[in-house]
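Note that chain A is present in both complexes that follow, paired respectively with chain B and with chain C.
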Partner chain A sequence: MSTHFAYGVAVWILLWGLYGIVTSRHLVHLVGCLAVVQSSTYVLLLAIGYRTGGVAPIFKDVPPATAAVDPVVQALMLTDVVVQATVMALLLALSLEVGKKTDTFSPDAIRRMRG
Partner chain B sequence: MESLAALPVVLPLLAAALIATLAKLLPRRIADGITLAVCAAVIAIEVRLIIGTWHQPFVTWLGGWKPRGPIALGISLHLEPLGLCFALLTAILVFAALVFALRYFDTVENHFHVLLLIFLGALSCLCVTGDLFNLLVSFELAGAVAYALCGYKTEDTAALQGAINFAVSNTVGALLVLWGLGLLYGRTGALNLEQIGTSIASSPPDALIVVAFTLVSCGLLVKAAMAPFHFWLADAHAVAPSPVCAIFSGVMVTAPLLALARIHASVFSVPFFPHENALREILLGFGTATALLGAILCFAQRHFKRLLAFSTIAHVGLMVTGLGLFAPAALGGTAIYALGHGLIKGALFLLAGVMLHRLGNVDELELRGKGRGLPLLGLAIALGALAVAGGPLSGIFAGAAAIEEEAKGAGYGWLPHVFAFTGIVTGAAILRATGRIFLGLGPVSSGAGAGGGQTGEAPETFGSEDRTPVPMIVAPALLLLLGLGLGAVPGLGELAMDQASRFLGQGPAGPPPTHALEPLANAVPRSLLLVALTIALAGIDLAQGKLGTGGRGLLIRVEKLLIHPLRLLHTGHIGDYVAWQVAGVAAFAFLCLYLLR
Partner chain C sequence: MNGARLFLFGLGAGALAIALLLAVSGLPPVGDFRGPYGELINGLAGPERHVSNAVGALVFDTRGFDTLLEEFILFGSVTGTAVLLRPTHRQSSEGGKQMAGSDAADRLLVLLLIGASVTFGYYVVTHGQLTPGGGFQGGALLASVPLLVYLACGPGLLYRIVPRELVSGAGAAGAALYAGIGLLGLAAGGAYLENVLPLGPARPSIVSGGTIPLLGLASGLEVGAGFALLIRVFLEERHRE
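Our next item is the complex of A and B:
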């Protein structure tokens, strides 16, 4: 039951983040919504790896056969945190450039090319 | 070979780290030299690896991890000729872009070299990896670098538009792939492509597998710019610096197709085998829509680089149909098509850079007649246009011939007409632009073919405009020759089909081949017909002023009913693009869930 709830939360966050991107009126807000969409993948991955009653996957004090949560998904999540931090930093820098050039952060300000 | 396997990935990354560390100390020419040497070394290593894996793919495990029983531990590299040819194309394009940039950028710091080297390393990794998450991370790395390269000219607002739209669209695509990957991992506990495939092969696909397939495919097709995920490409490829555009259009949009082919072959081909016809029709439908949309909009552009970007979208649509046929001959044809298209489109973008350097602009209407003093440049672009149209003796021609033959054999006789239409319209658009710029033909205002795209582009070079520096001539000439010569390789179709059937896990087609392709010479008359029709279409559009009122009325009606509504859809607003992506994923998922179970 609790895992179904976690997956439901992940889907909810994904949809809400996508809605935010689609209806955003401020570029920094848009980047924040992109971060929300990313966090939905983190919730999904961690929910997949979770074992009820499992310990942290560090086998220094516990015998090797103890039930532990899956470390692979944690590694996947950390890799993605790093990648997305880079992309978000780049996007925020680009948004700052837009703000400097057009005095506004609206996505409508960067609609120079159409058709 | 074991020692060479990881070098195409590791060498560029090490060189990038070296140049980045010493960025302030290294003079420009030393950085150029290091980067060119690394590219040449990667090309040589990849040729050696292609020769070594021609008859037998080579699998190696990184870090000394070996699989234990049926469980894969660690990351594997799976070297085989199709992927390695793709990596070779990347290295050639990066090499040509660097040669072009030797005299193109005068004020760039060594960041440009670092970014290009990381891009090369990431795409090489993508072409050889056997692990799904490694695939995704290489895509993300290549993408992050690409976003930076796209927005390189930060003083231009259109460049910021292109870069932001590119970054947000592709990041959403990557997250879709990650969702699909998570679902697959949750079901099978594996990230190695072969192991996932073996785990899900035994039972028919349930909703989870279909949804995972949808998410992974749609995420990759966002990066490949298939409709309706294509909006970002027109913005991004129009504003990136010309050598960067050459790499983007040449390799970055077709690499996701390679990844999709590999993932489908390793993971999804067995569970979806009973429903292969349905999946084929879905992919053919989306691919055809992309091709038609890209071709029509390509014709309506006045910004030369945006015109080329839309023609890239159209050709990607054709390549998706080639993939969707799920046959070795078609997959081999798609590979040849991708290689030929990459080389020719790369050459065209570099030539657009030369045009920008000499004439200061890429707007077709503003440049009308100004190119009269540059006959060789016009001739080269015209040659590229005819190759794009499917003219004889290019990689595009050879690949299309193989795909069309397979389509006719499989009962899709309408597909060659789609190829013909797309080739004619995109080639005619480029030819029309050439005629207007270099010969001064055509009306002063665009009339019925009212152009899209921004007018005016800040010149990317600040050097002299009277001469074209030698590197800027050599690079596009080299790419054009390679692209045109690719179709002249004897027996290319059979070679590609052989490798493709090995790629699909069906074993070599065997001597004598069970399915002999028609000799390429049989397709030459049709190809010459396409060339003639392309020239005719370009001529009609340029001669608008001389048509009677009936003809002009027809053109105006075509523009109002067909072109104008499509152009209205491309608003430039990132929210619209992501909305289309969500709608596209929903449509794809609905079709898959309905038809694939």
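Our next item is the complex of A and C:
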């Protein structure tokens, strides 16, 4: 069980993020919970690529044959974090506009789409 | 309403939890990394591309097309946000108001931080192929500088150093530069985004890596301009009310 603990952590974070989305009472809080769900995928990716005793995949001070962790998942995660920030910004701008138009930020109160 | 929703969520989350836990229990134990692809990249980033940052070589060379698409997601999100929060005819953005509660000590501290942030941001962008960093991280660091300026001197100076048209033009130029450098690969008879420029010294230095440092600079420009525009747009929105 302790060998797969990190994967369990990722699943735990995902489920709590989903709970936050479902029970959210404010649009900004909902966007934050979406960010939490996204960060659970980062934990999963990094756990898959981890090697016990491995160094970071930067070969400036260590010879190139040193055992290092997987760089592929790190490359995937690196761009994803920065892109997540801007997508969250877009979602927050949308929720700002919705709040201005309907005078409320509660997801339950905003029921019908108005053109 | 709440009780029924929570009950349904509990059912769904329970099923999802069981499915996910079953799925991850089939993965190899944490720390037992077997993938051959990662080890190949680690071993070949130095000899084949003359860079010491294997992650940087992946982001801008081996998986450079993936990064191009992520960059355009970023560009689209920034453009969408800037369009959503554009000033309408009735409103005009006022500047020059001092931030309430910022005195001389605050401003001095922030001004010192600005110098350090700009230097460090440029360092991270330009040394992406040598140490952990690269265009994306350095761009985000550089874009924190307008925020520091706003904290020190209020929105007026922020509007002056982050003009909308210039910064969104710079972001578009960064994205176009990245896509354009990829065309060099086609022009040289290879694949799009292939690393066709001279690779530089075998001992990784700031000019080694072929297209990798250039792509890093282009993405740093685009990410930095994108984030600065986001900061400007959101703070302008806040000061409009």
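Basically, the second predicted complex is superposed on the first by the 108 of 115 C-alpha atoms of A that agree within 3 Å, B and C clash if a C-alpha of one lies under 4 Å from a C-alpha of the other, contacts with A are read in each partner's own complex, and residues count from 1 in each chain.
Keep this in mind: a contact is a pair of C-beta atoms (placed from the backbone, for glycine too) under 8 Å apart; a residue touches a chain by one contact, two chains touch by 3 or more.
Bear in mind that the values here come from a model prediction, so they are computed numbers and not experimental data.
In the superposed model, A:L34 makes contact with chain B only, not with chain C. With both structures placed on the common chain, the touch criterion links A:I58 to chain C but leaves chain B unconnected. In the superposition on chain A, contact of A:F5 is made with chain C only, not with chain B.
By the document's definition of touching, of the two partners only chain C reaches A:Y50; chain B does not.
Touching more residues of chain A than its counterpart among chain B and chain C is C.
With both structures placed on the common chain, the touch criterion links A:Q74 to chain C but leaves chain B unconnected. After overlaying the two complexes on the shared chain, residue contacts for A:R111 are found with chain B alone; chain C is out of touch. Looking at chain A, you'll find residues 14, 18, 22-23, 44, 48, 72-73, 76, 79-80, 83, 86-87, 90, 94, 97, 108 touch chain B in one structure and chain C in the other.
Put simply, chain B touches chain A in their complex at residues 133, 137, 140-141, 143-144, 147-148, 151, 154-155, 157-158, 160-164, 167-168, 171-172, 175, 178-179, 182, 185-186, 191, 234-235, 238-239, 297, 300-301, 303, 306, 452-454, 567-568, 570-576, 578-579, 582. Interface residues of chain A, counted against chain B in their complex, comprise 14, 18, 21-24, 27, 30, 34, 37-38, 40-41, 44-45, 48, 72-73, 76, 79-80, 83-84, 86-87, 90-91, 94-95, 97-98, 101-102, 107-115. By the touch criterion stated above, chain C contacts chain A in their complex at residues 1-2, 5-6, 9, 13, 16-17, 20-21, 24-25, 27, 29-33, 35, 37-38, 41-43, 45-47, 52-55, 58-59, 63, 66-67, 70-71, 73-74, 77-78, 80-81, 84-85, 130-132, 134, 136-137, 139-140, 204, 223, 226-227, 230, 233-234, 237. Those residues of chain A that touch chain C in the complex are listed here as 3-8, 10-11, 14-15, 18-19, 22-23, 44, 47-54, 56-60, 64-65, 68-76, 78-80, 82-83, 85-87, 89-90, 92-94, 96-97, 108.
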